[in-house]
Each structure stands twice: as structure tokens, then as C-alpha cells.
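In the part that follows, the structures are each spelled out as C-alpha cells.
Common to both upcoming complexes is subunit A, partnered first by subunit B, then by subunit C.
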Partner chain A sequence: MEVGQLQRKFVDYTASLFCEGFLDEQFTQLQQLQDESNPDFVVEVVSLFFEDTEKLLNDLTRALDQQSVDFKKVDAHVHQLKGSSSSIGAQRVRNACIAFRNFCEEQNTDACSKCLLQVKQEYSLVKNKLDTLFRLEQQIVEAGGAVPMVG
Partner chain B sequence: MGSRGAGHAAQFHVLAVDDSILERKLIERLLKISSFQVTAVDSGLKALQFLGLQDSTYQFHQEVEVNLIITDYCMPGMTGFDLLRKIKESTSLKDIPVVIMSSENVPSRINRCLEEGAEEFILKPVQLSDVNKLRPHLLRKRAEEQLSISNKRKTMKECNSEELTNSVCFATGGNPKGFLLCSRTGKASPHGVEVTEHAMRKMRRKKQLAQKKAWAPLEVSSDEEPLRQGEGDAQEVEQLL
Partner chain C sequence: MIYVIGIGLKVGHLFLMLCCWIVSVISMNWLGNGGVMDIKIDFLGDGGKLWVKLWEKISGNSFKVHHHYYQYIGSKRVRKTWWWKLLVIWVGFFIIVSLWVYWYMSSQAVEKRKETLASMCDERARMLQDQFNVSLNHVQAMSILISTFHHGMNPSAIDQRTFARYTDRTAFERPLTSGVAYAVRVLHSEREQFEKQQGWTIRQMDTLEETPVQEEYAPVIFAQDTIAHVVSLDMLSGKEDRENVLRARASGKGVLTAPFRLIKSNRLGVILTFAVYKTDLPSNTTPNERIQETDGYLGGVFDIESLVEKLLQQLASKQTILVNVYDITNLSNPISMYGSNITDEGLQHVSGLNFGDPFRKHEMHCRFKQKPPWPWLAIMTSIGILVIAMLVGHIFHATVNRIAKVEDDYHEMEELKKRAEAADVAKSQFLATVSHEIRTPMNGVLGMLDMLMDTDLDVTQQDHVRNAQGCGKALVSIINEVLDQAKIESGKIELEAIRFDLRAILDDVLSLIAGKSQEKGVELAVYISDKIPEMLIGDPGRFRQIITNLMGNSIKFTERGHIFVTVHLVEEVMHSIEVETESSSKNTLSGLPVADRRQSWVGFKTFGQEGSTTFSSSSDLVNLIVSVEDTGSGIPLEAHPRVFTPFMQVGPSISRLHGGTGIGLSISKYLVGLMDGEIGFVSLPKIGSTFTFTAVFTNDCSNLNEQKEQHISNNCSAVSSDFRGMKALVVDPRSVRAKASRYHIQRLGIHVDVVCDLNHGFSIIGSGSKAIDIVLIEQEVWDKDLALSTLFASNLKKIDRGFPTKLFLLTNSIGSTRSVIPTSGNYTPSVIMKPLRASMLAASLQRSMNVGNKGNYRNGELPSLSLRNLLLGRRILVVDDNNVNLLVAAGALKKYGADVVCVDNGKKAISLLEPPHQFDACFMDIQMPEMDGFEATRRIRDKEYNISTRIQHGELSAETYGNVSSWHVPIMAMTADVIQATNEECLKCGMDGYVSKPFEAGQLYREVSRFFL
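This part shows the complex of A and B:
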């Protein structure tokens, strides 16, 4: 695929992510913090998000698996996940966390387990989307083009 | 603490505190892109160590000046609020502006922080527009410091006895060559020294000149404290010289 086509694909794909609510305005803010002096800023921040989230999801799985669930701990983890997803603009993950916290307050183990599943799904989706996006960026750069600024 | 006077055009140094590595990376980038110098630490304890309030391995903290502290509210161990309180309780650090960040919009929390002395409360996710709001606080603080420094400055070399006889006290803010002109009529007054008609005219002229040169006329202090009503006389003022 030639550069122009790749760039158009990138622009359309990015737009769809915003349209479908996977990403919000905060992601655009991140992109604006990237420049020649920090060309990989977005990828670096998103990678931190992936690492952070995977650890939190493991902790949450373990915490909800306990005989006696420590809801304070669960809530603390979800709070952290809500914060980091919000900071990178992963809107659907963030929204899933908000619902999750409500059930933590109610100390409802079943509902919490369902929420965890939901959060895992949303995370998996946005991770795939962002990986695809970054791959597209890489292809553009490798083909000698510039990555279009969207948003 | 404090800049070295007029013309000190150094960057502002911000100490950022957040236990999340992602948030630290973000706030660091936001601050750097806004031309701030940044040090980021991951806990309130580390922040206090960096500021010199606690025994630590930071040997250089004495020489490092921090102009603003921006901290997350929710942190394990010492919260941002705890950190704020410790800073405001410290004689050496209480004048450093502190900004609190939080992902939760809880009015009672916000009020508590502002009442404890926080300069601003920023809702996460932090954006460039939030960081832009910080600079006015820092500029104002720096201006206040410079005024205070020159108010205490005693560069009296340009004074001669004639000037001493006729003029009224004022200091020139921000000008390293500024000097004090002091009245000598001898009687105590609300301003510490009585001012004759003649001296008043001269003072007005000098005030105008000072204003023209963008110096700020101030009341001079006879010691480290501002003049009190009815106290102070020409002798005390002369002792400044």
C-alpha cells in the first residue's frame, strides 16, 4: 500500500475509534504532547497503561477470588484503573470502572465479578485497537510518510 | 530561598508527586512542554526528603529551589492532603505554593484542601490548560519575593546628608542600585517619621521619578518588621544606614 492510502486508512481508523467511544478527547491531548523532541510519547504512555492495567486486572481477579472479599482493596484497584484509563482517554474502560465501583460500594461479589469481566473485555478491545493504530503509524513511517495529525 | 533579585530569569522548578508512573510521565511532559523544570517523585515521603524536611540521601536539597509543588491527592501512606499540611506547617516551606490533583470531584475534599492552603485544585486528567493556570501564581510569588528582598536591602551608599535632611523614606523595588532616602525631622508619626511640607514636595517628586523608572515606592522598615503606628523616629531610620 502506498503512503497516501496508508495515511487515509490511519485517519479513518482514528476517527472510528473516537466515533465508537473507544477513545475520547484525552487521547487527543496526548497526541498534542508528542513532537520531534518526544516522537514516541503516545506509544510510551499507552505502553505504561497496558502494563499497569494487566497488573491491576490480575490483582482484581485474585482479590475477587478470595473466600472473604476485601472490597476496599478491590475498590482501590478499580479506582487506580479508572484513573489511568481516564488519563489516556480509554473511555469505555473508564466507564466500565465507574460501574464497577458502584458494585464495590454495595459489596456485591457477583456483580463485581461481572464488572471485572466487562472491564477485561473493554481493555482487550481497546488494546487491539491501539496496537492496530500504532502498527499503521509504523507502516506510514516505514513507507517514508508523515503521520497525519488527527483531532 | 528566593531569587537573587531583578534580572534572575531562571525557569520555575516544579516538584511533582504522584504514585502512578503513568501520571508522573504525563505531568512531567505537561510541565516540561510549558517550560517548567521538573522533578517527579512517587510519594509524599520522597517529596519531603527532596525538600529537606526529612533525613535522606538527597545531599543537594539545600541548593535546590522549588517554586511549586503539584501533588496527587490519593496516594498510599501519605496522602496529598497530609503532604500539604506538612508543608504549610513548616516555616521554611510554607510559602511554596501547593496544587492538588484528584480524579474525584468531591466538593468537601476540594474545600478542605483550599482551606489548608492549597493554591489550586485540579481535576484529573490534567490538561495543558490546567498547567497554564500555574504560571500566574509563580510570577506573583516571585514579584512578592523581590519586593520583600529590596525592602530589606540596605544599599545606602548613594545617600548623602543633604538627601537625608530633606526627603522621605522609600525603597526602590527590584533595582539593585536602589537606595533609601530618609527624612530627619525627628518626630514620630504614623509613618514613623514626620514629614514637613518641603519634604512632602520632594517626596512627591522622587515618587514620580521612581514611578517613571518603574520602581515601587515602599515604606521602609526600621528593622525586620514593618513600622508600627506612632513608633520609629529619624534616629532608628538613620541606624539603617
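This part shows the complex of A and C:
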């Protein structure tokens, strides 16, 4: 594919991610932090986010499966998740986390389980989207073009 | 009646007392129902015991009261039914009591009546008996008379005539007898002789015919005249009389007949018969012997009816009772002797009568004529008791109802209060959240604009960006206001205590508003009294906020005239009359009338107290009084009370016209309160408003000199020394304005003289007594007479003493200055735009005089390049438990060139930050598991303090600790939550500041620059 086309596709795709609310301006700021001295910053951060989140989600699933749910622990996990998701600008994950924390305060196990499902879903969605985005980026780089700045 | 009322009152009082006690006792130990029963039993029983027991109960139970009370509040339902039962029992019990009282009292009354009747009846009976007996005795005496003078003498001394006369004359002695008669005993054998001797035959009683042959006869020989018709009648022929006669002679006593109708008078009467014996017989004589010895029979007719009547007439209370007299010899058929036949079944009393005849029995029956009166006393008493009981019951009922209602209300209120509080919390939370949510993107926007400014832009673009930045900042400030309001409502605002320069702050505010005031042509001036120290300790941010609010309001509503801010010491204002006279005249900044500012502090407590006792002059406290005076539209009178209420504006149209949230003044009022001050205002519609507030700060006199140096070097550093020692002349007819101008010029170290017109000014310059370097002329003076002005200018030029005297025009608005320049001809004065500020004034003077034109660092610009300069090469420790956050924060700091080390928990941070270390700063997340940021900071500070003191005491050598004797690494909190991480809280645990997550260039710069500059 041509570099120009790839670039356009990249821009459109990024815009759609912002439009649909998967990402917010925090992601843009993240992109701005990436420069020559730190060329893979965004990918680094995001993959760390993936790694962390998967671990957290596993912990959460285990915690909620327990007979007597330790809501303090659950809340701490969700707080972590909320912090990291807001740091990378994964807006929808963060919003789901906010709802999750409210139910944690109420100690509502059923609602928490539902929230966990939702968080998982949002996470897998944003993961897919970001993976696609990075793939596109890679393709552009491989094709010898520059990744355009969006935002 | 009084007695009744008295008793009623007493009884009522007693019962009330009792009720109170019972109620109180019952309410105390309602759970132990036994208590109630005890009381009931006691109450019915022994009164004395009751009180003792009650007392014991009360004293015994008083300590349980609260316990029980709370318990029964808990079980409302049970209590209700219980009260209800008690009430019913109460009412029922008192109905019984009142009935009993009624019964008892009325029976008492009946008893009394009975007694009265009995005594009256007995009295009458006795009297009747006595009188009868008197007559009886008299008749008996007469029988002896006859026995003596008729039978005892021969010939007889008595004949019918004698007897009639005697009896007539002695009739008074026998008031009850209507007549007496004497019959002799005549045997059949003696009849003929007897009839012959008397000259008449013996006749039968009922037929009046001659008596048939009998064994014996008892013909009447003597009779009182009243009954003379009975003479010659045989007493034995009448059935009653015969029986009487036979009984009389057998018994030797007076005997009575049954009552019968008297022949002549047709009234009821009885006949008393005495036998006359031949000899005086002893009492134990047998009846037979008596019969043998009988000579004759004396009879007296008693008119019982008239007898009783006479008797009753003699007694007083004849009217009240009815008397009946009966002969009850034959019990089954009593014969009425007196009185009407009444069938009334009322109260009656029976008294026995003894008329001396054992055979005949008589009775007297008495009745009251009237029916018994209603027992009013009993009725009243019982009704009284009942009424009191009902009243008490009602009070009790009402009280219980009331209590229940109040409790219900209380619970309802409690519920409502909870809801309201919850709503309030939710509102504050909402405000905080929303404003936070807005702030975060706004910070992004502003940050981007910051960055945009750094890029290569043309003039238009820069203008646009600047506008956008201004709008964004305005928005952020509004959000901050709302956040402030939320903080005020949750009481989370605390003041800082920082050293600050009051004058610099006012200059800042002035420069903020200057643009608007110049646009509008409104004159703006600040005057700060010399007596106010250079440096104060307090919260400059909040003070600035108040001033900005007040001035912002003023500029919003002022279209012409002026806005004038004055700052004095409270003591100054209180003691100097000068201030007052100045403001009272029309001598104001712009010449327009203003609201008298003294009115605005009339209500202040500080001034209400006599003298200056409240301020100890020796103390470090500085009492400021700040007035903001404008000539705006004023506040309508009806809006005055609402001025300090949040979200209140004069009217909806105002908010549309001028915008704003309407909480500025309320926040200001709160802030002033925090500064131990008061705020007040006076406002005259169409004339203007003056807001005045007081505030208490601490005087920073400890190292005043050092501060002064610093202040000067900070403020107008290089330039101020250039002007030191110069002399200036201000030409201004208005002393107030001149004073303000002088204040600013003097701050540059220039000596200032003030004259009121050009001529006067020139004469001073011309006299040459003082070398004037600068002349500042109010534009108003300049415009008044342009010819004179030009002359003045050219004259000024002529006086040349080796250095030029510079001429300046002081002007308000951009528009008016243009007209000046061409008319001033050959000599163009430099124009200085008001409002005057020390820095701006210095710059203007510098420009026109070309004094020390050094590239001065301009305030207000915030290059992110400088942030890079600040952070480049700094070693910074970032602590966050969230790896992603850690990476992002580190990335941001690295971008500015910092050398970043990351750790993911507080413990690692503590060990890394243990002196000696190489870190220049630390950014710490607040919310972390295991150990939060506050705790970690506290521990780090503890360690640092420990080591620092030990170094200072020489226990540790400074070399080991990098020659640093006092360790204090700047620690900044990182947080996403605005409300949680208040500055105060951070400061409390030893942090030096806080930055919001994600980083915003401006804020980061502000915080970091405090340590790295």
C-alpha cells in the first residue's frame, strides 16, 4: 500500500477512536511525550498497560469468585486500573472503572461481577483498537513514511 | 357554695398532684407494669402508704429513667397502645370514683334527713304523750273526787249541776278532753230503785230506747255540759264503751277506746275510762275483787284530732313535716286517728305513743312535706371530680399525642435533614467532580495553547491564541470559584500563612483590570498608606481573590468616573479626621460624587468598640481596612440584603448583561471572615457603591530590612535605583488623585511635590528653589487650556539646567490621548496611561528618559522553555504504585530534560531518599496501597530532621552527607483528586506542594520554580 494512503488511514482510524470515545486527549499528550530520545514511548506505555491490566483483571476475577468477596482488595485493584487507564487515555475503560468502584462501595457482588465483565469487554475492545493502530503505525514506518501527528 | 368550691379546689388540686405523680412514675417504669398495679392498689387502699410507696418508687427508679425512656422511644407502637389503655383505665377509674362519692354523699344527706325527721317525730310524740298524760291524770283525779264526794258521802255532795259546773270550770286543766261524764254501776236488782231515784229510765246507747233487762247497767249520771246528752245512757250498751268499761274496772287503770267519730262534732276521738272503786284498792288486787269493788266509771272524751293539731301548732316547723297518728292495736288494720291518708312511699319515721293504756297501742308516723331536695353537694362534688379527671385525662392524652406528633415530626425532620445533607454532600461532590472534569480538559486546552504560543506564529494567530488563552483562564477561574464555593460549604478552606507584598498584589490586580478600565475610560487608582509594612504574613492568594472580586464587580458596573482602592490601617482610619473630611467633600478621584465610604463600615464590630483597645500596638497584628469605591450604577435598595448570598444577583437581567456566577461576593465575605475581618458596603443607586473590608495580617518585622532589599530587587529592581533622588512635580487640582499619584511615584524613590495648577507649577519650577526632573500633568489640566499648556511646555524647555525636565501627561483612555498630541505642537509630552503602577511607571519613565535600558524580564510570560531550563539535569524521584502512571509521569518529566528515577511504592522511596542522596525533588502519588504518600512523606521528613539535627549537633560529620547540613528534599504530591488533596493537607504532612495528574505545564512550572530558581 502506498504510504500516503496508509497515513490517511491512520489519521482516520485515530480520529474514529477519539470520536467513539475509546481514547481521550490524554493519549494525545502521551504521543507528544514521544520524541527522538524516546521513540517507542507510546508502545512501551501501552504494552505495560496491557500487561498490568491483564494481571489486574485476573486478580479481579479471582477475587470476585471467592465465597466472601474482599471488597477492599477489589476496590484497590479497580483503583489501579482506573489510574492506569486514565493515564493512557483509555476513556471507556476508565468510565467503567468508575461505575465499578461505586458498586464496590455498596458491596454489591452481582453488580460488581457485571461491571467486571463490562471492564473486560471495554478492555478487549480498546486493546484490539490499539493493536490495530500500532500495526498501522508499523506498516507506515516499514513503508518508509512518518507517523502523522493526530490531535 | 363557697365550701363546695373550696372542697372542689382542694380535691382538684390533690388529684392533679396525684395525676402528675402517677403519670411521671408510670412513664418512668412503664416497662415494669407491676408498678402501675402497685399504685392502683395503693391508691384504692391506704392513702398514707401510697405516698411513701410513690416516693420510694420515684427515688428508686429515677436512675433508670433515661434507660427506659430511650427504650420506649424505640418501641413506638407498643407505647401508643399502652398509653391508650392507661387512659381508658384512668377515665373508667374516675367514673367509678365519682359515682362512689356521689353515692356516699347522698346517703349521708339521707341519713341526716332521717335523723332530723326522727328527732322531730320523737319530740312531737313525746309532747303529745305528755299532754295526754296530764289530761289523763286529771281525769283520774276527778275519779277520786267522785269516789270521795259522791260515794263517800251520804247523801252525795255532787249532783249533775254541781258536776257540770265543776267540770266546766276545770276544763282548762284538761285541754284535750271535750267532756267528762260519770256513769255508776247499777245491778239489775237496783235498777228500779235507781230509775225512781233519778227520775229517768236507763236508755240504750245507739237506739236511745229503754235498755232491755241486763245483769248490770252503767247509766251516766253526771256529764259536763258539752256532752250533757249522754246522761241516762247505759255505757254498757255501746259495744266500744262496754269493752272499755269492763277493761277499766278489771285493770284499775285508764283505758282507751279505739278511735271513733264523736257523736256531735263528728271528729275522731277516743274515750278514756277510769273505774271508781268503793275503797282505795292496793295495786295487787285481783281483777275479780276490782269488779266487785267497782262503784262507777268516769269517762273523758278526747278529741285526738284537735289535740294533735293544737300540739303541732305550738311547734315551729309545722310546715315541714306531716304527722299521722294511728291506733295499731289491731296490727293488720291500723286505725288512723289523725292526719290525711297518704300513700306516699317517701321517707317516714315511726314513733311509739304510750297513752297509759297497755292494751291499746298507738303510733305516730312522720313524713317530710316536701320531697327530699336534690343532693347538690354530692352531684357537684362528683361532677367536679369527674371533670378534673377528664381534664387530666385530656391533658394526658393531648400530651401523649403531642409527644407522639413531635416525635414523628422529629423523625421526619431527621429524615429530611439526612436527605438534605446527603443532597448537599452530593451537590458539593457533584460540583467538585464536574469542575474537576472540566478542569482536566481545560488544563489540556491551556497547555496546548501554551505550547502553541511557543511555536512560530504570526501576529494574528498570536492574538487569537492569546484570546483563547484568556477565555480559557476565565473559564478556569469561574470553575475555581465554584470549587471555592463548594469548599466553603464543606468548610475545607484554610488560609495559608505566607510572606507577601501587599503593594505588589495590588499592582497585579490593577494590571489585570487596567485593560478594561482603559477601554471604558474609567479612572483606576490605588492608594496604600505609608504606615502599612512592606511585607505581611497571610494568604496573598485569598486576599488577592477578594480584591479581584470587588474590583471586578466595580469595573463591571461602572461606565464612567472612577474606581479607587484605598488601603489603610484601621487605627489610621479611626483616628484621622483627615480621611473623613476628604471623602466627605466632592473631592473624589474623578470629581463625581461617591457613596460615603464611612457608611460602609458603620456596622463593623471593630469600630463599635470604644477606642483602640482591640489593637495592641505592640503586637505583630496588622489590621488593614480596604475600601473599593466606584461610581457605578449602584445596587438597588431591594437587593441590599441579598448581596452576600451566593448565586444572588441583582436580577436575571443583570446576569444576562454582565455574566458571572454571582458567588464572588459570598466567597469574599467568607474569606474576609477567615481573615478575622468584616465586610460591608454602602451603595447609592446612580451614584456608586463602596465596599469596605477589614483583614488581620501578621507583621513580618523580624527581618524587615532583608525583605525590603528583596522586595526592591524583585519589583522594579534595576530601575528604581535610577530614579532615586529625583524630584517630580504633579500638577493636579484634585488632592485625592494627586495623593494616589504621589504614592506610586514615591515608590520609585522619587520626591514628589503637588501643585494644583500650571501657573503655580511654573512658578515653582521658575523659582529654581528645587530642581524638578519630572513634571506630571493630569490630562484634564492639560486639556482645559491648551494655550496655557503649550506655553507651559515651551517655558519648561527654556529653563535648561543641563538636564531636560521631562513632561508627562497622565491619562485614562487611549482615545483621548490622540487628540492631545497634535495640538501640543512642537513639544510633545510623553503619555502615561493610568492606572499607575510602580513597574509600569518606571518603564514609562525609563523609556522616555533612556535611563538604564536593560532588557528587563517581563512578568506574566511563561515559556515552557524555561521549564526545560529548570528541569534539565535534575534528578527526580517519581513514586507511584501504578506502573502506567509511573511511566507517563516519568515520560513527561524526561521530556523537560529531567533525570527520572521511578519506584512503585512508598517504602522504596523512603530508602532512596535517606540522606545522603542525589535527588533534587520527588513527585509522590498520594493514594498507594500499604503506605500512602502522606505517610511516606512524614517518615522521610522524620529521617531528614533526625539527621539534620544530629549534623548540627556535631554528632555526624557533614562531609558524609555531602556537606549539606540541613536536608530537605522538595516533595510534591501527585493527585487526580482536587478535593482530597488540598494544599493544606499536603503541607501538613511535610509536602511542599502538589501537582495534578496528568501534568499541566503551567502548574508544574509554578510548583517546580519554587525550588529550582
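In this text, the second predicted complex is superposed on the first by the 151 of 151 C-alpha atoms of A that agree within 3 Å, B and C clash if a C-alpha of one lies under 4 Å from a C-alpha of the other, contacts with A are read in each partner's own complex, and residues count from 1 in each chain.
To be clear about the criterion, contacts are C-beta pairs under 8 Å (C-beta built on N, C-alpha and C of every residue); 3 or more make two chains touch, one makes a residue touch a chain.
Quick caveat: nothing in here was measured; it's all calculated off a predicted structure.
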| item | value |
| --- | --- |
| Partner chain(s) touched by A:L56 [first = subunit B, second = subunit C, both, neither] | neither |
| Subunit B versus subunit C as contact partner of A:V147, first or second or both or neither | neither |
| Overlapping contact positions on subunit A, where the subunit C interface meets the subunit B interface | 26, 29-30, 32-33, 38, 41, 44-45, 48-49, 52, 79-80, 83-84, 86-88 |
| Subunit A-touching residues of subunit C, taken from the complex the two chains share | 441, 444, 447, 880-885, 887-888, 891-892, 894-895, 927, 929, 976, 997-998 |
| Contacting residues of subunit A [partner subunit C, same complex] | 25-26, 29-30, 32-35, 37-38, 41, 44-45, 48-49, 52, 76, 79-80, 83-88 |
| Of all residues in subunit B, those that touch subunit A in their complex | 20-23, 25-26, 29-30, 33, 74, 103, 124-125, 127-128 |
| Residue numbers on subunit A that touch subunit B, as the complex places them | 26, 29-30, 32-33, 38, 41, 44-45, 48-49, 52, 79-80, 82-84, 86-89 |
